[in-house]
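Common to both upcoming complexes is subunit A, partnered first by subunit B, then by subunit C.
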Partner chain A sequence: MLQWALDALLGLGLLWLAWCALMSPNLLKAIVLFVAFGLLMALAWVRLDAPDIALAEAAIGAGLTGALLLAALARLRFAYADEETVGSPAQEEAKVRFPQWLPAVPLLLVVAGLGYVVLSLPPYATGLSTEVTANLESSGVSNPVTAVLLNFRGYDTLLELVVLLVALLGVWSLDGLALGRETAPGPVLDTLSRFLTPVFILVAAYLLWVGAHAPGGAFQAGSVLGAAGVLLLLAGWRFRAGLTELPLRLVLVAGPGAFVIVALVTMLMEGQLLEYSPEQASILILFLETTATFSIGATLAALFFGGRPQDDKEHT
Partner chain B sequence: MSTVFLYALVGVVLFSLGLYALIVHAHLLRKILAINVMGSGVFLVLVALAKRTGEDTPDPVPHAMVITGIVVAVSATALALTLMLKLTAETGNAELPEDSRE
Partner chain C sequence: MQTLYLALALFLLVNLGAGMWRIFRGPTAADRMLSAQLFGTTAVAVLLLLAQTKENTALLDVALVFALLAAVTAVAFVRRAWTDQEVDHDSE
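And now, the complex of A and B:
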């Protein structure tokens, strides 16, 4: 009974926070509420027995997405503060051009239809869990989610790393933005970032290693590394001149590159793309996860930074 | 079993709330927020339904898909925000223009 009350409260809290975030007249408030929504989502994942997703959501959904949104809002306000057209809070108020209830009518039908479909599903369905459990022995890891991500459906993860890289290429090709004010970090941020960065790196390494048999893995570790990068960037740290060109690009493509090489080698040796032999699976997964962690961390931090790093040097 | 459908229905409503905000708002940053809420709703439905195994351990395949989805969502958000900033730099306005047919 108590658990049911907790679930109901969490569900209502999620809906309320989402509504407030989407309808808040102030954009800054909307983003802060969205971050709170992400943290509550992490709790919901724990309630749904999905600790792997909870870790990813807490680091990415709440942390990095919030940082990205806040940075974008700051750039929006910085670039157009003089014109008083976009930057002023009055202009950011939720504008509605037609009666607000008008789209609500078909959307209530959408809710009813989707709700009916969800409720008409059978209450028990094993899905693919029996197949995963049966083959977990030969996957090289004992955490089923890692086994699915890196072994059974490895091509999903390969393509996902490519998506990350393509998104970064897109951001880099849209260069030439107002990068916002460069403010010197206060003593608190400066000191905190020095203390926290080693902790972040340690946590990332732990998550990477523990992912083989418990919740964790490359995505969680990579997003913690990315968060460390965001913190360093906020504290005013920049790439040293020689590191922005080739070394940064090598780190960015290490994950997808290693994946493609392993995929081709396993295809030649075993006949199928990303089909590991059970003896080597464990070490191959650790190798792939390590390179993926570095690439994900670097890509997320670079996405936060925005423009191509070496261009920034020319501007300043 | 009711937990599963409770969270799945919350996911459905979240998706619809996001869709509503996506239609109603003109500001692009609000539209990006709305798409993120819609995505969270979809993830919630997927993971809630993965719990229907009747055992202690839920189906790990949707879990892996959602982790992939979260990372893809954040990269798509970063690209969308950059596009928004670029559009604002070009037009001086972070909102979509009015329909010219009006």
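And now, the complex of A and C:
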């Protein structure tokens, strides 16, 4: 009964928050609702016995995305402060040309397709968990989620890293909009960032290490590391000019790069892409996860920063 | 003991309902953000309770990440979205 009430409350709260976030005309309110939605979503994942996803949701959904959206909103406000009068007539015109219900058509098609797929699933399926459990011995780790992400289906993770990198390239190629004012951080924020940054780094290292046998891993550790970068950026800390060029780029591509090299080497040695021999699997996975953590952290912090770092030198 | 923990978790979730109302009504941006911070703190407490009922220590890590990243969201809000003379209107 209690469990049922807990789940019902979570589900209703999620639906209500999602609806309010979508319908809110006030963007800041929508962002706060989205952050609250992420927190409840993580609790829902815990109730569904998926602590791995709960950890990812806590780190990315509730934590970093909120900060990213807030920074985007600040830039929007700064941009609209100049262009409000110029921008609005063009928007009015666009509204006349495209009826508002038009986006609903492809959306309905997607919903219909998804509905068909869900309905055509077999009512009961064991999935691949028995095979994963049977092969866990040879994967090099004892956490089945890490085994799947880094060993059995390593190429998925490789492509996810590339997606993150492409996202950053997209932001950089858009040539970021400079923030208007950046006041001095003040003693409280300064002290907070000095205290918290080592804790963030420690927690990131812990999550990376614990991923081998419990929920954790490169993405969670990387986003905690990225959060440390965001905190430092917010506290007014900037890279020295020499570090933003090649060294930063090397860190950004280290994760996907290491993955590609390992993939090629294993293909030459074992004949299959990313097929590790059981003896080396453990150390290879740790190596890949460590480089991925640094890359993900640097990428997320760079995404938060916005435009290419060297472009910002004059503004900060 | 399990029932007690679950009942406490339920009580905290009901408290979040009050927080949701505050996010919805505002009136200022700071009200909404503080309410989201309340969500974070309460979620940490719920996670600790659930970790006890399920005897799953991984949930403690989730709570740790929650608590750490809530600070970043708050700092991002203050540094990026908050202005001193905040007039926040829903009809924006």
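In this section, the second predicted complex is superposed on the first by the 266 of 316 C-alpha atoms of A that agree within 3 Å, B and C clash if a C-alpha of one lies under 4 Å from a C-alpha of the other, contacts with A are read in each partner's own complex, and residues count from 1 in each chain.
Assume a contact is a pair of C-beta atoms (placed from the backbone, for glycine too) under 8 Å apart; a residue touches a chain by one contact, two chains touch by 3 or more.
Here the structure is a predicted model, which is why all the values come from computation and not from measurement.
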| item | value |
| --- | --- |
| First, second, both or neither for A:Ala36, with subunit B first and subunit C second | second |
| Touched partner set for A:Val262, first subunit B, second subunit C, both or neither | neither |
| Touched partner set for A:Ala125, first subunit B, second subunit C, both or neither | first |
| Subunit B versus subunit C as contact partner of A:Gly170, first or second or both or neither | first |
| Per-residue contact with subunit A, leading partner among subunit C and subunit B | B |
| Contacts of A:Leu64 with subunit B and subunit C, given as first, second, both or neither | both |
| Partner chain(s) touched by A:Leu107 [first = subunit B, second = subunit C, both, neither] | first |
| Which superposed partner A:Ala212 touches (first subunit B, second subunit C, both, neither) | neither |
| Touching partner for A:Leu73 - first (subunit B), second (subunit C), both, neither | both |
| First (subunit B), second (subunit C), both or neither touched by A:Val203 | second |
| Residues on subunit A lying within both footprints (that of subunit B and that of subunit C) | 3, 27, 31, 47, 64, 73 |
| Footprint of subunit C on subunit A - complex, ascending | 2-3, 5-6, 9-10, 13, 16-17, 20, 25-29, 31-33, 35-36, 39-40, 42-43, 46-47, 51, 54-55, 58-59, 62-64, 66-67, 70-71, 73-74, 179, 185, 189, 192-193, 196, 199-200, 203, 206-207, 210, 214-216, 220, 224, 227, 230-231, 234-235 |
| Complex interface listing, subunit A residues touching subunit B | 3-4, 7-8, 11, 14-15, 18-19, 21-23, 27, 30-31, 34, 37-38, 41, 44-45, 47-50, 52-53, 56-57, 60-61, 64-65, 68-69, 72-73, 75-76, 79-80, 83, 85-86, 92, 94-97, 100, 103-104, 107, 110-111, 114-115, 118-119, 121-129, 132-133, 144-145, 147-149, 152-153, 156-157, 160, 163-164, 167-168, 170-171, 174, 176-178, 217, 219, 223, 296, 299-300, 303-304, 306 |
| Subunit A-facing residues of subunit B, complex | 1-10, 12-21, 23-27, 29-30, 32-34, 36-37, 40, 43-45, 47-68, 70-79, 81-86, 88-89, 92-95, 98 |
| In the complex, subunit C residues that touch subunit A | 3, 6-7, 9-10, 13-14, 16-17, 19-20, 23-24, 26, 29, 32-33, 35-36, 39-40, 43, 46-47, 50, 56-59, 61-62, 64-66, 68-73, 75-81, 88-92 |
